[in-house]
Amino acid sequence: MAEPILKVRDLTTRFRLVERTITAVAGVSFDVQENEILAIVGESGCGKSVTILSLMNLIQPPGFIDPASRVLFEGRNLLELEERELAAVRGGRIAMVFQEPSASFNLLFTVGAQIAEALRIHRGLSREKALEQARDLLRQVRIPAGERRARDYPFQLSGGMLQRSMIALALSCSPSLLLADEPTTALDATVQAQILALLKEKSSAGGMSVIFVTHDFALIDGFANRVIIMYAGRILECCSSREILEQPAHPYTQDLLKAIPRLGVFKDEQRLYSIAGRVPEPGNLPSGCTYAPRCRLRFGKCEVEPELLRAGGNGKKNHTVRCWLFA
Amino acid sequence: MPEETLLYAKNLVKGYPVKAGGFAAGGEKIHAVNGVSFGIPANRTLGLVGESGCGKTTTARLLLRVVEPDGGRLYFDQAPEKTEALERLEAALFREADPRRRTALEKEAEALREGVDFFSYRADRLKRERLKMQYIFQDPTLSLDPKMQIREIVTEPLVENGLVPHGERDREAGKILEVVGIPASGLRKYPHEFSGGQRQRISIARAIAGHPKLVICDEPVSSLDVSIQSQILNLLLDIQKEYRVSYLFIAHNLAVVFYISDEIAVMYTGKIVERAPARQLYLRPLHPYTQLLISVIPELGKKKDITRLSREGEPPSLIHLPPGCTFYDRCPRRLEICQAETPGLEQKRPGHLCACFAVARQVYPSSSS
Amino acid sequence: MKLLAGGSLEIPFLKFRKQPLGVASFIILVLLYAGLLCEGFIAPYGANTQFKAKSYHPPHHVRFVHQGRFVGPFVYEYELIDPFFKKYRVDREAAHRLGLFVKGEKYRLFFLLPCRVHLFGTRDGAPFFLMGADRLGRDLFSRIVFGANISLTIGFLSVFLSLVGGILIGGFSGYIGGFGDWFIIRLTEVIILLPTFYFFLFLRSIIPPTVSPAQKFFYITAILAVPGWAGAARGIRNWVLSLKTADFVTAAQISGMSRLRIIWKHIIPQIRSILILSITLSVPGVILGETGLSFLNLGITEPSVSWGLLMNAAMDVNILLQYPWILFPALFIILTVFSFFAFGYTLKDALDPRAMV
């Protein structure tokens, strides 16, 4: 198998609060292959956003990344890079797209100018050339009349267009990895579909991998290649998107899939499954398996936190699950 | 209006002036709701879907007169004889030519309307009737007064209407909270001491405390964790069975709406473009916009080709609505007539309404509305 | 919008307790206001009790040793040696014992019960000037005590008026919006733009000269309330505006609550702590306002007594140089104002919303 472009090993991020220190992300390890779309799925507080920020060493105090963590990209550990080197990677080799596009754009400058600025910084283009490319990028992300939109200010664009502009900004320097943190959560269904289609297009066409963070399970199908399920700062399951839907291994994944209303299933056919209890707070995690208190299949061994295990044979080589049921 | 219809909204219209820095700029309006009519049967759930800006939230707020409508009327919990009498009277008024008779008829109609049209009710009648129609908000954090104990919050509608003497207050609160699964130990707690899911339950408790006939649910599960959503949806279904209440269920998550609704109405730029029973709408959507919507919603277990969508468009501006059908620009089935005239909401199949010239009627006009 | 969670005054209370300055100023304020209730008791004499031939009497030195022996607290009589320049000399022969709970002038304890017992004084009824006497031979300390009545009360009353006015008008304005709101806002802006003190003077000038002291008191109180009202109205309006669209307000509307009731039951409680803060920091301003007016003889006048009026006696530099104890009221003014500020700011820090909803 080809060498993954990103290798995350034992990523642990903690937050030092007044009363105590909480662990937001605990021992997360995964790979991202070339041209792959990896989805990180989880509910609020599971640590998915913190994971993404940690990849680019964007965690501010009181948060801090455990020194044993390693984020290997193009042969280098990003967590050990100097600020200057890291800045060259950010935007240039790895780009990020956030949930709120309006928060990423400076309201005082036009959209085109901001994209051009990125091009000048990372590619050293002249002002005219950069603007020209910026306009072209806006057209590529299929904003109607994209070239003219370059002269608009962020507040003149709708949510969908702004998000596309943000993607244009992210794509401007042809990164090999795109980190997207819930970029479509605030958008309408049709717009969301358009954005996903755009990302898929760019990914398969231009040799770019995507890590896509979301809480919406349904997005995986037809969009992501592989999926990671996170819960309470840990990876509970990791496999291809086909397998997660057809043969989910972890009880949490199974329960979640039974609890989500599915289009095409109506109330008189089936009652939604209710997962007992609630998502634990990062500072108040149960000992042992973090899902055990809510798990219908828990047994004695679950008092000890499980490791990431292989999810059975049958050629399921890349399906891992953190559950003693598979020991 | 059929027998068991609980609520009937007719031709709701609402526009907001466009404000540029505090003052309306030159009389331009955002046409949020443009002639919306629908009925909700008793003990049933009508789902309302549409994307942002389609007017569904505004419609919901109009029903309760949280905002006052620019036009339209609302029959809520009225005997059908009365509303039919009014309709007949107005039809007669329409035909009447003699000015003196007109004045008399107008007066009669006016008097009738005040008794029957929710939008005409005066303050005291409105206050009484409002208790029968309640609202659940999207954000459980902001829908509960952070400075009030929950026992006060859930009994507020009752106390305001003098339905519960002061001494009984705690007991009532305890009963209601039990229905939604909050233990009595929480009576004197404040909202911030509860989780998001629990707060939404408290919100639901407040809504059903007065035994309403209709509860408008405005995105009740959108702010909640996925694993909690099913709890709340199940609770709503259980309450419906027990209290025999109707729901107007608004959400942008189509999967949720299709699951919980009996019938669904689809809105686009302030109009209802289609309405049908949930299953029928899912299996056989007629309106091109509904078809688009369903085709893009990610469905578990169904592979959907979304690549073609990267070229899709957006709804037109609500300030300058184009003439004719507002979906014209994006419609794959558009005809010449669509640009000139606006299609009306007509019954194309039994029980299935659609506003589209390209959809043929397969139902013969009958006397049923 | 950051709203402080309900029922959580514990944390601010604990934080407040840790600040010595805040606690000290709180105690001082409590003492000052408690003293109001028993002013007759604390002051050895009435506010206008004159002692002939004791004009500009300096403060008595409290001594403990008489002719080499420790005898307990007492004072010597002071002889007037220069009637023109009002100079006194200590007469070590005539001594008067001091005591607690001595019998003195009649007054009404707590404004109700006739009483003759005072906190301290001379056992034999000879005049004792703790802080000296003014030109008419009136005990300055007693006058300060009675003056506190006006100065401290006016502070609160005025601010209270501002607040009520602010809530009613600001709340109303924010709720109705539209032209009414616009108009009220412009009005408050005009009031705020005007230089406060000159505004006071202007309002004062339109009070007819022939009003009773009681009426004058109310007029002054009302005048002092006006700028505060404008500020309070704007503040309250801002809060009403931001809370107007909050879902719980809409829910209350749907329950059938009237607008005013919503403002009272749902919006005001959110700003409870801010209101308290606002009051605490506004009172000293009003006290100083009254001081200024009375100092210029435009506020409280004889025969009433206020701290500002007492300061009026200190206007002449010559008087000040010869009889410096005239300045004692200033000490109290400074102490009060400072305590309010110290208390207020400590309260503000303690309430800082770290506990957010």
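We call the chains A, B and C, going by the order they appear; numbering starts again at 1 in every chain.
The rule is simple: contacts are C-beta pairs under 8 Å (C-beta built on N, C-alpha and C of every residue); 3 or more make two chains touch, one makes a residue touch a chain.
In this text, all values refer to a predicted model and were calculated from it rather than measured experimentally.
K.L.:
Higher C-beta contact count, A-B or B-C?
P.N.:
A-B
K.L.:
Suppose chain centres are the mean of their C-alpha atoms. Which chain sits farthest from chain C?
P.N.:
Of all the other chains, the one whose centre lies farthest from chain C is A.
K.L.:
What is the distance in Å between the mean C-alpha positions of chain A and chain C?
P.N.:
61
K.L.:
Using mean CA coordinates as chain centres, what's the gap between chain A and chain B in Å?
P.N.:
So the centre of chain A lies 35 Å away from the centre of chain B.
K.L.:
Would you mind pulling out the distance in Å between where the CA atoms of chain B average out and where those of chain C do?
P.N.:
It comes to 57 Å between the two C-alpha centres.
K.L.:
Quick check on the complex: what are the chain C residues that touch chain B?
P.N.:
Listed in rising order, the residues of chain C that touch chain B are 3-8, 246-248, 250-257, 266, 269-270, 272, 357.
K.L.:
Would you mind writing out the residues of chain B in touch with chain A in their complex?
P.N.:
Residues in contact with chain A: 51-52, 195, 197, 225-231, 233-234, 237, 252-256, 258-260, 278-279, 282, 292-294, 296-314.
K.L.:
Quick check on the complex: what are the chain A residues that touch chain B?
P.N.:
43-44, 142, 144, 158-161, 188-194, 196-198, 200-201, 215-223, 245, 255-257, 259-267, 271-275, 278-279
K.L.:
Under the stated contact criterion, what part of chain B meets chain C in this complex?
P.N.:
Chain B reaches chain C through residues 64, 66, 126-127, 130-131, 133-135, 137-139, 141-149, 156-157, 160-161, 190-192, 206.
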